[in-house]
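Please find the structures below.
Shared between the two complexes below is subunit A, which pairs with subunit B and subunit C, respectively.
Showing the complex of A and B:
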């Protein structure tokens, strides 16, 4: 990365401004409805956190550069230029007070995709040197070590060994021609290794071939969270190279929200060409296996459960029905939160917020929205499909003295696999 | 210069000039948007997004999914009341249709004037309510700019002067008619250079948002 300056920031922002951006800024009537859709506003009532306001410097730049009226005002010296100090001030709103959850984009009456623009705004802020330290650190580790949390191949291999001991199943590394290539998030390797074992057991039962690439096993992409497209592209390219080298048919994005957006929707656009393989979220894969009758489960959970939709899977990713189809296989007493599916409320820590130390307070405040939703339901536990949501919800529940298990969906399904079919047979 | 001459100028050259600026401004606005272009989506899409885009153009005119009362109903109620009132007055008042006929050669049935009158009152009350909300809500005060007030006045004055002209209130009819038409012309002139453009650009915004979400398999 060359040195971050205001000039680079402005240029990066200018590069981001496209026809949709111009249409969106031209359409905003300052009605304030996006604020009511944003948990950072609803939980603080701070008007500065209104989604569209988070874009004010970018809006002015658009007006001054790409509209006749704005250009004339600039020429007459009547336009207020975007300054470095202003961008620095906006950093907090754009990184700490937005999870890119996309809820505002669903309610805007003129139809503005505000989240689409916040993603763009981050490109400008990061080029201007105003990205938060936590995200810079995560991004640097992702580039240098291959993982934003510094999880190395060695650590993953150690987890693979545990899986072997527990279940008798081998974790296949670098198998050429496998049907599926599995990606993992660092958070899963460190905090939720159950996921890896669940995958191994499910693929064993369903008889599918799969592999993990030792070159590229990390699914998360700090580049898109911080808003540096060339780094995001580099991280995507690693996965693409690995998938093409191993000639796999499908790359599986793990239980992580933004990792899915990164590889599934942004990936080909970042590297500038369509993929030669398919990308699916693990829940899409499992739902397909269910449809084909390959995923066979027995028994049901005896508790009342709900599902927390990771924003990047539902609203920003289109994976809406698969989790519900899968949950209903093993849960009798399943209840939805009032706002669920594409209108869910964010956990409060997505879009890189969890990587920013200074955001610790605000993200727990934002969690109050989820807390209120859960309190209304009277459930015994919560199922989700994103390690980042999961850790935020666990922390939020702890903070609020709410005792409730948070379960990964893949893991829950694996616990119900028809026993005699699992190869290892020693799992609990 | 008497008022008759002023009215004549307003109805003749004034109208042509303001309509000319309006049309030029809107075309410029559309060019400013579309010339920026947009990168082709290279991801494997779930659908073309065309149907979803058209659905969003329509669906964003409806309240968001089932929870109108949990959002501030104020903006919704008066927002709808104002827009519906305004459209009825503009499109279905007999004299307005006559203007359209002389300009475009198009004509359509009008509504009885007392009916249109009710809608004019609804629109006026709704506009005042929305202004009050802007002036008092902490959120709205924070978001509101000088242009928001300007645009409010640009919309309010034609409605009010038209209403007053019809009811022969306060000023002589000719004066009120002159003020009414002149204020509409001012609205037309400033329209393309203010947020009033949303009347056109919202269709573009909804299209892009609906189409992009549709490609991912989400109806936005």
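Showing the complex of A and C:
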């Protein structure tokens, strides 16, 4: 059996370096603006955490292998080769100190997509065996058990039973020809089962047909986080197979950031063909239902609320207006953080960081950025649309003795649904 | 020429008041960027100055410099200063001719050996000695002979300072500047085609006052006059800053007095005092008359590309060199690109499927 080696890592990096990467490296003007955009830099002031610096080994490899001057220097023995020890050191910068949030790419004055390159850098590090144990474990569970947190179909079915007991609604499994196929993140199944119930109630009210595939219900894609396309493709393929088998029209990515990036943007490229179905984030679906007048709500929240944008939704996905349209249906006193929408600050735990045990300290340090933002607003609660953001923010608030509820947007909407006579029981 | 009257006596005879004289001294001090306290020093020195002997040699030149310094000016203090020096030898201006003229030169050299000023206009041919001779003496020989006894040399005009028009490609006479031949004497280059008259008088005043030459730039020109370029001092500079350019000599921009950069103005690379001192008794300077600067006070100004080509255009015909350069660059780029592509293809072919079992290193036994 082949195992990770430096050679495999270098080869993976060489494979990953493409025309955009070459253009980005050659056009970097070393201005350092990306540092100020990165919360791992702003909260530590450690220059090593400057986003473009996280790519230094890959940049040198590009120079030595793909540029004329670099080749000549390498030939003359003047180039410093990329070593195993160096990649091992960079693993911390690339996995623990980056959430792939994409904020650096937004501020680069020459338009370099740094996040795009960090994703590639992870490809090399994982092939070289320098991925963190936490992510390797999550990825292994995702491939072997079907979920990075080890959530089995049995566990999901148990949650479905609870929903049935609470609301009287059935969770439809493997219904062929349903309009929507819902994916879930393990985090939601385990920590926030309210999401599943909210979905059931909303679809019940709007009269849409939906289903969950017992073969592929997991939305998260550890292959993307660890940076191994082969594995990411395998995980995407499972969803595609299930969706095509059930002949659904739309696959819904849940309240999770990277899951959306994985299936919506990277998915077709990973499997090498277009999908036969549409992929939407749950917020996009809900906003469509709102537009069609199918989503009917009553009452408003009596507290002052703000919204935390999941990075992958706004920056990588452009889902900026839907959450605001939806929030305004049920919230009167809604305030925005200073940096919101496409320039939001990350919660500090995305891109696989939450799965790395060693990153616990830095992840909570990075949360200081969100803490400062929230302290300025004086809000009673925070709404978000990503289970991973939610758990990080809850933990961060707890750590900082800040008492503030964190609410999932879908769940909040479901709490305001107009009660129908035909509907089931009431939710909490 | 013993017991010559002093400069002030002569100026008085010419009807210049003491007030006018002091004004000149103060103006000269400020022009030369000397402290204001220097004006009385200049006045005192000039009052007592005996008419210094000046020998003026004209070689390959057009007499334009002499015209500029004498005839084109109304009689001013600068003109009078000229009357106040003992111009012992000057082809154009002296009354004597033939052997008598050469005698005057010889006499002046002997009487003031080591003290006289040598002014040169025109370049010196180094090709065939016969290209330019005076009284049967080649320019080269005459320069060497007169320079040997001079206190200092003032190279007037771009020809004497840098070779000028005769030096322009292909330089058929092998024309060179004074400084290319004389290396053991202080030389001041007063370049320009022609140079500004006040520069000459300023240098003379400095020499008479301090007995030395003024501070010079890297091309041997007095810093006081050549320290700034035309562009930095040009009254049209604000238009340049705003990107407002005349595109032709009769368009709206030209009529509105916009920047002439695109019409070939060499102001940005030309160091001279035209924009501040101006010409014709302070009337105007070329840019003010609607024509770009030609760059006449800079070395090789004839060969800096067309007068009407913008500075940003290549100055020489690029000819084949450009073609070959492009071809070589393209070939190198293509070769480098192919190598990179091969490298990448190789990397793709060497790809081994990564499974979850490959994420860790081989456990060491």
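Heads up, the rule we're going with is that the second predicted complex is superposed on the first by the 421 of 428 C-alpha atoms of A that agree within 3 Å, B and C clash if a C-alpha of one lies under 4 Å from a C-alpha of the other, contacts with A are read in each partner's own complex, and residues count from 1 in each chain.
Methods note: a contact is a pair of C-beta atoms (placed from the backbone, for glycine too) under 8 Å apart; a residue touches a chain by one contact, two chains touch by 3 or more.
Not measured: the values here are computed from a predicted model.
Undergrad: Is this a clash or a fit when subunit B and subunit C both end up on subunit A?
TA: clash
Undergrad: Which chain, subunit B or subunit C, is in touch with more residues of subunit A?
TA: B
Undergrad: In the superposed arrangement, does A:318 touch subunit B (first), subunit C (second), both or neither?
TA: first
Undergrad: Just checking: does A:168 make contact with subunit B only, subunit C only, both, or neither of them? Give me first, second, both or neither.
TA: A:168 contacts neither subunit B nor subunit C.
Undergrad: With both complexes superposed on chain A, which partner does A:150 reach: first (subunit B), second (subunit C), both or neither?
TA: Neither partner.
Undergrad: In the superposed arrangement, does A:8 touch subunit B (first), subunit C (second), both or neither?
TA: A:8 sits against subunit C, while subunit B stays out of touch.
Undergrad: I'd like to know which partner A:140 touches here: subunit B for first, subunit C for second, both or neither.
TA: Only subunit C is touched by A:140; subunit B is not.
Undergrad: Of the two partner chains, subunit B (first) and subunit C (second), which one does A:106 touch, if any: first, second, both, or neither?
TA: Touch status of A:106: first partner only.
Undergrad: Answer with first, second, both or neither: which of subunit B and subunit C does A:28 touch in the superposed model?
TA: first
Undergrad: Could you say whether A:381 touches subunit B, subunit C, both of them, or neither, answering first, second, both or neither?
TA: neither
Undergrad: Do subunit B and subunit C touch any of the same residues on subunit A, and if so, which?
TA: Common to the two interfaces on subunit A: residues 17, 66-68.
Undergrad: Which positions of subunit B touch subunit A when the two form their complex?
TA: Contacts found on subunit B: 28-29, 32-39, 41-44, 46, 56-57, 60-61, 64-65, 67, 71-72, 75, 79, 137-145, 148, 193, 195, 197-198, 201-202, 204-210, 212-213, 216-220.
Undergrad: Can you list the subunit A residues touching subunit C in their complex?
TA: Listed in rising order, the residues of subunit A that touch subunit C are 1-5, 8, 11-12, 14-15, 17, 65-68, 71, 126-127, 129, 131, 136, 139-140, 143-144, 226, 228, 230-231.
Undergrad: Can you list the subunit A residues touching subunit B in their complex?
TA: Answer in residue numbers: 17-24, 26-33, 35-36, 41, 45, 47-48, 50, 52-53, 66-69, 105-113, 116, 264-269, 272-275, 278-279, 314-320, 339, 342-343.
Undergrad: In the complex, go through subunit C and note every residue touching subunit A.
TA: 332, 336, 339-340, 343-344, 347-348, 350-362
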